Each structure stands twice: as C-alpha cells, then as structure tokens.
Amino acid sequence: MSLILSIAVDGIAYGMILFMISVGLSITMGLMRIINLAHGAFALLGGAVVHLLTTRMEVAFIPALLVAVFAVVLIAVLLERVLFRQIYGFTELGQVLATIGIVFIMIASINFFLGSTILPIGVPAMFTTSVDLGFRTLPFHRLVVIVSGLLVLGGLWLLMERTRFGIYLRAAVDNRAAAASLGINTPYVYLVAFAIGAGLAAVGGVLGAELLPIEAYYPLRYMVLFLIVVSVGGLGSISGSFFASIGLGILDTAGRYLLPGIGTIFFFVAIAVLLALRPNGLMGKAQ
Amino acid sequence: MRITHYTVCLIASAAFSMASTVAQAETVKVGVIATFSGPNAIWGKQFREAIDVYVAQHGDQAGGHKIEFIYKDVGGPNADASKAAAQELLVREGVKYLAGFDFTPNAVAVAPLTKQAKVPAIIFNAATSSINKQSDFFLRTSFTLTQLAQPAAEWAAKNGAKKVVTAVSDYNPGIDAETAFSATFEQNGGDVLKKIRMPLQTTDFAPFVQRIKNSGADTVFTFLPVGPATFAFTKAYNENGLKGAGISFLGGGETDETTLDALGDQAIGLVTAYHYSDAHNSELNKSFVAKLQELHPGSRANMASVGAYDGVELIYRMVEAAGSDGAKAVEAAKGMEWESPRGPVKMDPVSRTVVQNVYLRRVEKGADGKLFNQEFATVPNVPDLGFNP
Amino acid sequence: MTMPVLSPPKPSRVHAVLGVLMPSVCVLIGAILAFLMFPYDLSFLTRIVIMMILVVSFDLILGQAGIATLGHAAMYGCGAYMAGLLALNVTQDPLLGLLAAALAGGLVAWLSGLVLLRTHGVALLMISIAVTMVLQEVASQARWLTGGADGLAGITIGPLLGLFEFDFIGQVAFIYSVCVLAVILVFCQILIRSPFGLALRGIDGSASRMRAIGTPVYRRKVTVYVIAGAIAGIAGALAAQVTGLVGIEVFNFSLSADVMVMLILGGAGRLYGALIGTLLFMVVHHVAASIDPFNWLFVIGLMLLLVVFVLPKGLVSLPGRVTRLWRRA
C-alpha cells in the first residue's frame, strides 16, 4: 500500500514539473501550429536568471523568481516580435531549422557567460526540509511543486474559461482563420499566449531545478521529454497536458520502483503504443 | 586505384620527419583529444587548464625538446570523431604522443592507431580497466573503478558497515563499481542487501532513494557519472531523510570539486573514497591549486585536472628518457615513480595504470565558505585491482 | 510541404542517363579534388561521406515521401552493430558487412515502419524517437553482446575485395566510402525517377488524392522506409568498419536531429541538397570547433537562422535565387 502511495506522490510531483514546463509549449504548438523546439530554452533562461540573482547577488528566492519570470516574458515578447512572427509562416521543416538555431544560440550564450556546469539555485532553507506524510517523508520543495502546479492549472482554467482573452484564445486554437475573420486580433492573441507559455516555462524550470538541474544544455537534454508530454496530451489542450504530465510522471516513477533495469524501455514502449493507438494524444483534436 | 604515388609522398615526408628525430632539439607535439564542447565540455576545460598550469610551472622544454600541445574537440563520447581526430593528429600534425581521452569508447577507438604508429597514448580519465588491454601503448594517469571501489568496500567493512545497498548508474562503469564493491564487501564479512541499478538518463532519484530507505541497510554505496545525476542523487539522499534514518553515504566522484559548490551545504558530511581532493595537504598540491587560481580564476582542480597534470608530467619524463621514440618511451615509463598533487604515484609496469593512494574524505566547509573534501583516512598504494591481462 | 513537381514528359535517353549519373559524377570529381587537396584530412572527409550517405537515405523518406521522423539513427545504429558483430564473429569481409547491415537496417525499418507509418505529424516524430531510445537502451543493457557503454571494440576488417588493406592514413577507407556513396546515388536517382518515386512525391503532395487514384499509400511508404533504412544501415556499417568500434552513441537522438538539420539546410527533396547540406554543416562545424572548441555552437545556430530566413528552401535554391535577383536587377 505504501508502495502505491509512494509511486503516486513521487509521480505526481515529477508530473507537475513536466506540466508547468510543457503546458506553454502545448498551447503555442496547438495555437500557432508551429514545431517549437526552443521552448526549453525559456526554462533555462529563467533558471539562469534565478541562479545569477540568488547565488551571485544574494537576492532572496521569491523576488528572484519574479524578476526571472518578468525577464523571460520580456525576452519572449521581443523574440516573438522579431523572430517567431516570421517563423509562423515557414514550412514545418523551416520551423525545425529556425527554432533549433535559436536553441543553439541560447545554449552557446549561457555556456559562454556561465559555463557548462550545473547552475545551482539558492532556495530558501525551508525548501530543503522534509515533511512527514505518515507513510513516508516528502521533501518540502516537492510539496511546493505540487501546490504550484495546481495553482497554475487553476489559473489557466480561469484564464481560458472566465476571461475574454480565453475565449479569443480557444477560438483561435479551434480555427485561426475564422477567429481572425470575426475580428479577433490574432497576432495579439499569439503574442500574449507565447509570453504566457514562456513565463510558465521559466516558473517550471526554476521550481523543477531540483529534479531537472539547470545547465547550459538543458533545452536539448530534456527536449524529447517535453515533446513527449505535449504529444501524449494532445496539442493545444491544457487538461490534456495536465493528465499526460501526471500520467507520464507516474508511469516513469512506477517503472523505476517496480521494473528497475528495464524501466526506460518500458517507458518508451508505453509511449509508442499509446501514440500508435491515439495519434492525436489523449485530448487532442484531429489535426 | 592509383594511390601509390601519394603513399610514397607520405612515406617520404614521414621518413623526413623521422630523420629529424636524430637532430638534437626538436619540437615534440602532443595531441590532446578530449571533449571541449557540449554537455561534457567540463572535461576538456579541466584538462586544458591543468596543462596550462604544468607548462607555466615547468616550462615548455623537456630533455632539450620543445613540447607543443594541440587540442582536438570530439564533443562527447564519440568513437568516430576520436579516431578521425587521432588520425589527423598523427598524419598531418605528426604528433608523437596522444593524450586526453575522457570517455572509454574514445580511448578504445584509437588503440589500433597507437599500435600501428607506435605512439604512446596517455589516458587522463577513461576508467574502464580493460582499455589498457587493447594496446600496449596506453598509459593511464587517472584511476579505474575497481581501484576505488575495492578499498572503499574494505574500509566500510572495517568501520562498522554491516548491511549495504549499492546504487549505481546502469552502464559499464557503474556495474564495474558495483561488482568490485560487493565482492570485496562480502569477502570481508559484510552483507549486500540490494544492488540497485538506476537508468543513466534519470534525474529523479526519489524512487530509488525510497527503496534504499526501506531496505534496512546502514550504508549506501553509489557510483554515478559526474553532472546532473550526481547533483540530483545527493539532493535526493538528503531530502528524503536518508541521513536522518542513519543510512551513511559512501560514494566516489559525487562530491567532485566542480559540482560540489552547486550541491550546497547539504553536501556537508558526505563520505567518499577517491584518489584526489583539491584540499590534499601537500606543498605540491598547494602550488598546483594556487597556480590554477592565478591562471584561471574561478576554476577548481578536480580529478580530471590532476589526471592531466600527471599525464603531462609523465609525457615530459618520457620525452626526457626517449625523445619521440614511442616504444622506448613506454618502456621507460613503466615503473616510473613521482610525486603528484594527489600524493605519491607509480606507473604499474603490468597494468600501465598509476598505483596510488585512495583517500576516504568527508565534505566540510572551509573558512572561506567553500566546500571541500577533507581526507581523513588513507589506503596506501592501490594498484588497478581489476586488471587481468 | 513541397509541391509535387513531376518530371517533364519523356526526355531523351542520353539526357535521362546523364541525369541519373550526374550526382555521382559530381561526387566523384569532388572526392578526387578533395583527395588531392587535403591528403591529410582523409579521416574527416570519410566521416563527411558516410554522413552524406545517411542524409541521402533520409532524403528518400523526408524529401521524397514527406515522412518526417526523428529516429533515423535507429537504422544507422543497427547497421553499425550488425557490421561490427559480423566482423567479430563471422567474416571480416567489408562488403558482406555492408550487405548484412543493409538487411539489418531494412528489417528494423520494416518492423518499426509497420507501426510508425500509420501515424503522421507529431505522433510519428515521437514514436520514431521512442523506437531509437528503446534500441539504445537494449544496446546498453545487452553488454554480453554489444559491450554496453564501453562500446563494441576490437573490430578488424579484412582487405577490400581481398586486395586493398585498410591503411593507416585512411586512403582506402575514403575511396571505399566514396564508391559506396556513388553507387547509392545512382540507385537513388533511378528510384526517384521510377514510377515508384513519382508515387512517393505524389504522396508527399496529397496522400488522399493518391489513394483516390488507386495508389496503396501505406505500402508505398513502408517500402520507401525499408529502402531508406537499408541505406542508413550501410552508412552505419561503414562507420563501424572505418572506426573499428561501435558505441551506443550511434543511437543518439542528436544524430537523428543532426541528420534532419543537415537535410533541411541543404534543401529537402533534392539529392544535391542532402549532399550540400551535409558538406556545409560538417565543414562549418569542424572549422568552427577547431578555431574555438568552446563556443562553436553559436556559429552553427547563426548559420541555421541565416539560411532559413534567406533561403527557406535550403542552400540548393541559392543559384535560382541569385539568377532571379540578377534578372530583376
């Protein structure tokens, strides 16, 4: 019993991090229909900014996180205006080339300024304590991750269901051309969605740094993982991303508990089978 | 296929350069093959900086010859690139010594070339015992996993460990460490409860740490590749309360100087068995570390640095003894003894891996707020115990 | 993706033969020049040639049939291991090694293609990645067979055709690889110009229309995937034979990604594009990495962005772009 609970708790914590980083990617890939390989770079940038602020300038964690998210959103807006706006119009292959080029440049820049070793993040002392759950202890920061993940989910739900912007966004995801013809300012919707996605990636990157340590090659190292979450969840679906993240987190964790040795094989075979049966993911619409 | 003309040209030019060996002063080129880019770029960086330090301290002359280093990047474990780089170095640059080799496949791939060209290859890191079997021209100034894991097991057995869980990354070096440790530990009357192998790409270690915790062991022995994996594993060890549950940590490279500061204060108290700490108390090590700080501020010496530093020491001695005659140089190197920043070392004539002390160390915080590995016990003169010719 | 461009009807015979032979002739001339100009860089040139074979095979599926995968390393790696194991256990004949590797690559492509090619888009990309990851993990676990992370070592290859020993400088290896590339290019040109090749381009243009005119789309896709897999296997075998060692890195995701980047860089859908893209990518990488081993990635990133913004159809469209600008001026 405690084994099952352990799998659930560890899997959910892992899944929440995947969710926070990937949901922005899912929205942008579903909305703009672009193959965006550069998404992990925003998580890296967020982590790098917090690293700089907390370890080299002794800023506290929370303000540093806020600054990092703000900085990443700013960079994302700039990039959207200058580069991505053009990239939307490319063929899929052109998008692959352009976004991977952006990833390379970001990696090279971080590598140049901060080196290729792990960039630790100075978290509050409280994060490194453990909480007793009765059947086992849980690191406090995982609790933070789980709560933040739920907050992000709730916030996105409110945004999508309760605001005018959410209506525009859903309309644009469903049918771009029709949305535009109804007078929705789609370039603006794209810009905001892109910025939100990048900001969430930064939050996820920073909070998830204990599990997926920040280093220059972060966007390439975890690119496949994020893409798997998005494709299993279904492009453009927030709830799909959520269930996929949690499901994959639990699947991967269960593999580690129960099938060490062949856990990795089990994980990838499961994904291949799932996508073969449901090519549009759990919640995706037919492409 | 008329390639004879070219072969003749190349042989002629090779003969010409051979002829020049007779001349007194010569430039002996050393080709350094390592990873300078990509996620593992730290290896090449450490190698290069240590070489800089050695040259700054000892000059660029050995036995009347000028020593010149040429660096080649292979971008990680990549046998194809490593062999091509070695070929280019040997054929175009005319190097007389090869060096570097952070990953096992990169070293093994050049084995046939070293035999054909009779060029010694000094391994600064790659730690699989069997590499040296592939060519008589391999000389290793780093360590092998058995060399570390076996003393670690003996020490643990003598110092109160009864029940151990081994947790290693599921790839060859991890399994070498697991095998060596468990065999020795059991011979010494200990009990290995579980042998956990963790996927190489994993960075979420909570499930494994939880299993270690539930196993009822008193010690966990671990080996992981330095980088995100060691970082995440030591974090998981602390945060899941293994320390609190009285399970002691016994590792190897987990507290490597290049990632130690990233681990933060929670690393304090971690025990590892290893061959080098940048806090090793000797004059030579202090001057080595100080010179490194002077030339490359912000860098810290680690096992890769000392492997390269000693490798260059060995090359200088070999050049002194035999110039650019590879076969003679290897013979001269066998049995060589010298003082290294890690302590006394000797080139084992059989395994061609250095015989060295293995130290038990504990992470402590220095007066300057930096973490370091404090050596507190020594297992002297350990050869490569895993070598079977 | 690209519009289906059908060949002009019935060109003259001489024309057709020339067209088929042209890429191989270009490669041979280039190879001879390179051999004479860079006699000390043969090992690097050999790596370029092997990569060209791999990228050309990828062009068959991505460029011709429009099937985008990120798992081409799967077939390359299986070919490499097959050639290595054959040389260690059965025969050291290099050509038999290529044959066995082609069979291994084709077999893996057939088995995985049966599942893969029922999907498209992102799902196809992800399943192809998953297949490669599974193979890498298997290679890493089966230490008794593959040597695991240490690599499959000690591969020695007998003389080519029983006559030419693989030499120290790498001359035989280079000539051998170039010849294999030339033969494969002729084969690909014939394939592309055959009705089968036209069907592939039709599928790329519109699979549903092809289905409507009676083409068995799925079967055609599987067939081309198997052919491309066999050629990728040959590339892997060449790498194994030339290096004498196979590491689990042959299944790296980054290899599949690089192959795709090289093809798009040169221009998908044209064999010349595959050749030029590979050449440019590898040479820029090599030169940048030897000038600054730490920061060359920056140069590659800039190059990719530049090409995609200036020449969206790849480098191969450069002459057309230039002549158009010329005429306008």
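So that you can tell them apart, the chains are marked A, B and C in the order they are listed, and the count of residues begins at 1 in each.
Convention: a contact is a pair of C-beta atoms (placed from the backbone, for glycine too) under 8 Å apart; a residue touches a chain by one contact, two chains touch by 3 or more.
In this text, all values refer to a predicted model and were calculated from it rather than measured experimentally.
Q: Average the CA atoms of each chain to get its centre, and name the chain whose centre is farthest from that of chain A.
A: B
Q: Hey, which pair has more contacts between C-betas, A-C or A-B?
A: Comparing A-C with A-B, the pair joined by more C-beta contacts is A-C.
Q: When the C-alpha atoms of chain A and chain B are each averaged to a single point, how far apart are the two points in Å?
A: Measuring from centre to centre gives 36 Å for this pair.
Q: Between chain A and chain C, tell me the centre distance in angstrom, where each centre is the average of that chain's C-alpha atoms.
A: Distance between chain centres, rounded to whole Å: 33 Å.
Q: Give the residues of chain A that touch two or more other chains, as numbers and ranges in rising order.
A: 111, 220, 261, 264
Q: Quick one: which residues in chain B touch 2 or more of the other chains?
A: Touching at least two other chains: 41, 45, 170, 199.
Q: Scan chain C for residues touching two or more other chains and write them down.
A: Residues 137, 141, 294, 297 of chain C touch two or more partner chains.
Q: Which positions of chain A touch chain B when the two form their complex?
A: Interface residues on the chain A side: 6-7, 10, 13-14, 111, 115-120, 122, 128, 130, 136-142, 210-213, 215-217, 220-221, 252-253, 256-257, 260-261, 263-264.
Q: Which residues, counting only chain C, touch chain A once they are in their complex?
A: So the residues of chain C in touch with chain A come to 1-2, 62, 68, 115, 118-127, 129-131, 133-134, 137-138, 141, 253-254, 257, 260-261, 264-265, 268, 294-295, 297-298, 300-305, 307-309, 312.
Q: Spell out the part of chain B that touches chain C in their complex, as residue ranges.
A: Going by the criterion above, the answer is residues 1, 3, 6-7, 9-10, 36-37, 41, 44-45, 71-73, 75-81, 83-84, 87-88, 90-92, 104-105, 108-109, 111-113, 116-117, 128, 130, 134, 170-173, 175, 199-200.
Q: If we count contacts the way the header does, which residues on chain C are in touch with chain B in the complex?
A: Chain C reaches chain B through residues 39-44, 46-47, 137, 140-141, 143, 147-151, 153-154, 156, 164, 167-172, 175, 239, 242-247, 249, 289-290, 293-294, 296-297.
Q: In their complex, what parts of chain B are in touch with chain A?
A: Interface residues on the chain B side: 38-42, 45, 170, 196-199, 201-204, 206-208, 210-211, 213, 227-228, 231-232, 235-236, 238-241, 244, 258-259, 261-264, 266.
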